[in-house]
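Letters are used for the chains, namely A, B, C, D, E and F, taken in the order the chains are written, and counting of residues starts over at 1 for each.
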């Protein structure tokens, strides 16, 4: 009875590691709520407008860690970092006690579970190496058929919806027919909501494969972890030793 | 609104690929239900009393496939096969349209997401090769530190609970301290419910690692897939061509 | 002297894991006999007409195991399972004492021994994932350049010999020129006898590579194992524990 | 003649990604200068006192990138980041035109070139996962026999030189005798200067293996790259697109 | 009929890449002959007394190639190089048209076919890296549990048969119990004939695993290749272009 | 002071493992000298005119080892073997105490350090397998996108400089655009000096990637090792045991 109630109170926060408030609308996330599962969102206060390089990602880390600490203070139960590069996921896993998930690695594992081989279709060629490095760390590089880019910057994803749909469908089709992918991972969290249309477009081309929408998929996976009482390993991610952190005003737990 | 209702009606069936009715109690599974998620269970009618070898697993496949087809006819939304060897998972993925998950591969991916390296602690040495082969197929063999056996047969797991707890704790501790594991996967679905006590025992030994209880973890992962409308790739798992299946009376969809 | 005689009495049985009696003619196998080496064949009594999916394969296992047990009772010295998916090989290795070989894995090892990289040219796209999974288990996925399908069902292989030859040559040539293969494995045991013509066709295209005909190659490898007194590891493949096997009337040794 | 002069003017800057001024003495680095090779050093202004976790590393990135940009403005020819976690190496490779090297990955490649297998002997267990992840990205995880920690914090390395020497020798010996290492990488740049004594201690134990001192080795490798006119790939590390970087006052080139 | 006769005339030559005539007795090899299979042996004229290092192996190559060319001129049908380092195998595969096999790589593939994982038990620690490199090239390094040495030089193998048997049994037992091997490869062709006693010793210790005797196993595999008309790929091993070969008087075909 | 002087006296010898005196001009190497670094060169006395096969390479080994021993007697401080197949590198590492480097493996490690993935552009298809095998041993096969050949024999490289430049540019461009390479390794030491023009040609095509010129890169790496007092592991490369070496008059140290 008590356990049932606990389940009904899970609160997952999506931390968008960007300073662009408009990137992630509440509306999108609210659709993922269900009785017992509350989803909130936070945008970071210092950092890049978008993440399209390792440089952008580096500048997103302190703000993201700060938001993670704030979330834990707020009583949040789990965190999802809203970027396919999984920025600050490992650092946050060390500083908070609650589960922290990145949509990049999580989506790759889901895709690997559902298909022989998958491809990631992302925004720009500049993030391709980051995605390969995530797959190498995950041990899934052999399962990843390719990483393809549609060459649309993150903040222009919504500029031309028809072109976006067409680009995603074209690169996904090439990933399947030329690279041997049997599943597709949307390679930018800015593609939120595009999976259904892409699936339909691929089915029209007689290509019936799972299309992973990273943020919803990772939120649902986080909810599953919470229900099971699971979190990251404290041996892999031990709490950091206290020390001087000049220039940062982070309130560690 | 309609979508919300659909979510509230998800029905996952756990197919126990054994003829031993007492192996899986309803009680265990009912605790995993929540509003909108119904869990049912079926035991197969022909097959082995327990699975402790590739031979046992082979004999479980036809019955398991039959149970999967029956489940789809019953309007079930997803299937979880109740054995760490993931018997018939690939075959069932071909013959039904609903998602099918095996706890072996699923648990390995979850453990890999949460830790640098994990170990599987299972029943008997005879199943160790099967588990390594699943990890090789998943691409996670490099993430698996070891597979250890407590040398208790499946149907004797409940015979001596104190000894079971001690054996699981001892082998898990060795997996962590000697083999370098940072996470533990319970290596038999007969260990259902043992994760909490094992976690506690490891924390007493100052070893704070995730302990994956395969069936609950896989059910929750299946629920997450259902909410996201995801299923296995139809390119990896195409529907089988019709043909003579002598000696089997399977009603394919 | 005694040892010499024993060698002269080796008896290998090819178990065709299909109910299609016409699939494997005695004539084909008799050509592989030599003084001291007898080859017999058995077709299973329950199972699929052909194996073109994991589903088909699953239904072939009990019949194949039964045939393996019968073969051992008949005094046979080694078994070769007549399907590239290596169905029931692991299970049979547990239940009998004699060596059991599958042509899928065996051919991959032979091809890896003779070439930098090899491709498998098989019947239908539906079996491609099974072949990749075998290669992953074998550790040879990095040595396998590609798996290509000619899109001819197993039971239609003999329907149009000219088209078959042309399809095999075309896909093999693409495997070599585009995928980087230096050797070819025929990817269905139904291609028995096609290797010579395919080799000739490739040599005409200036492509001089080994073409592995899986069943003859595996029979010869089995004979070599018998001469050396070798069999599968009893640690990897221990005899199954006795237990209830409901619905199966298998006479275990 | 002109080319000869250019060579004589190479200037490498070591960026210590810590705010601890005393961590890296000028004296240590000056010994690595030679005619034509000038070495300077910079400590960052904001960041952690030491790096012993992913969290510490994350906070070191912005300051390190700032120092890299300043170095390029100063006309420096190459950068070496003074931490085995290679913090900000990828980000810096994007924002500057000059070669940037991290001692972690560089030392692993050198060790792999000189030995069948190597181990890293580092400060604390908390950095072990970071080092494994670097090796996985580098593709050298199979060449790394183990990562061992002496359990001395970074800022206490110099506290007890005798104990340090003994700890390094003991763990290195275990790495060789138990884990199969044929080479040793010092796993913290705070061990600067310890290689010679460790080599001697190992030779006394009849273990004649290369001991890589990461900072000197990486500086020399950077000098070699400069002489050859080599730098990181601009396809792997393209210059970041300009965008808002709130809270950061970085002068991009 | 004609084909049958051809089979009866297969002639395999074992080339011992040493100048030590006594290393390989005719008697040992004659026991491997059978009707239709003739086995001859040649010792090289220039080269090392034994191969225990890459240096020794390097000096064995020209003589071995010369012996291979002579064998082809003699009408031999296949070659087996009598050393676990597989010296000159690749070079010989280029210069002759007949199949050439090395016992190192061949034995590893056989062991991988029969067991989850295998170990090699060899003479001296100095050859351990060579064996690992062969396994890496073969793609089987993940299948090789360990390489262990008994520390007996090649030419002293026969000096103390009791000690030899005990050393082989001890290291094989450790390979199985500590390293996880399920199969054993004798790691020097000088151990010819030791497999049976080692198997018996391991069975006494309740360890029933295949023990591969490399030369007999490779001869039998070569015979199997000959019967199947198979040889190495001419794309992987093309005939060398003619050119000056100063100091060598080799009669290329 | 003394150490400074020692550094100023480093002497690296390039051993060209060919009997073609004209292959390597002094002029090329002298440009790599700098104060404190002397570079000499030796051509071997017995061996092939060029290395384009494993056969050629095999015949180059004894002469190369002899030249290595002579170099050590001459007081040389390090050796670079002048062929991308790294002939005799392992053997020389055993017989001399000074560092020995091969440009094949060294260049691959450098390319891996600078780019996500690299390709090797070499002379003839016949050497492609050798280069893949080197990458497999190095553990870098996953980092190598492709090996491409321009189909120009080694001794004709200088015959048509314009065609050479065009061929190298074309194959490098294909490696980048089709195979996914982010860096290029010149795949024959006969391409010495071609890197600058190739870089320029690629930059004209908007492809800004590192182009590794193997011999200069390896010489500089060797100089870096010397400055650091590093050499190959004596556990991986122990001194060979003394024994009869019939037909060879090598003066081992």
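As a working rule, contacts are C-beta pairs under 8 Å (C-beta built on N, C-alpha and C of every residue); 3 or more make two chains touch, one makes a residue touch a chain.
Predicted model only: the values in this text are computed from it and were never measured.
Asker: Among B-E, A-F or D-F, find the interface that matches C-E: by residue number, over half of the contact pairs should be common to both.
Answerer: The C-E interface is reproduced by D-F.
Asker: Which of the two pairs, B-D or D-F, is linked by more C-beta contacts?
Answerer: Looking at B-D and D-F side by side, D-F shows more C-beta contacts.
Asker: Between chain C and chain F, what distance separates the C-alpha centroids? Give it in angstrom.
Answerer: 44
Asker: Please tell me the distance, in whole Å, between the geometric centres of chain B and chain C computed from their C-alpha atoms.
Answerer: 30
Asker: Could you grab the centroid distance between chain A and chain B? Build each centroid from C-alpha atoms only and quote it in angstrom.
Answerer: One centre to the other, that is 26 Å.
Asker: By residue number and range, which residues of chain B touch two or more other chains?
Answerer: 116, 129, 139, 142, 182, 235-236
Asker: Quick one: label the inter-chain contact graph as line, ring, star, complete or other.
Answerer: Contact map by chain: other.
Asker: Along chain A, where are the residues that touch chain C in the complex?
Answerer: Against chain C, the touching part of chain A is residues 116, 142, 182.
Asker: Provide the residue numbers of chain B that touch chain E in the complex, in ascending order.
Answerer: 128-129, 132, 141
Asker: Provide the residue numbers of chain E that touch chain F in the complex, in ascending order.
Answerer: 19-20, 45-50, 52-59, 61-63, 65, 88, 90-91, 93-95, 125-126, 129, 133, 136-137, 139, 153, 155, 235-238, 240-241, 243-248
Asker: Show me the residue ranges of chain E that touch chain C in the complex, using the header's touch definition.
Answerer: 4, 7, 34-36, 99, 101, 105-106, 109-110, 112-116, 138-140, 142-143, 176, 182-183, 196, 207-210, 212-213, 216-217, 220-221, 223-225, 227-236
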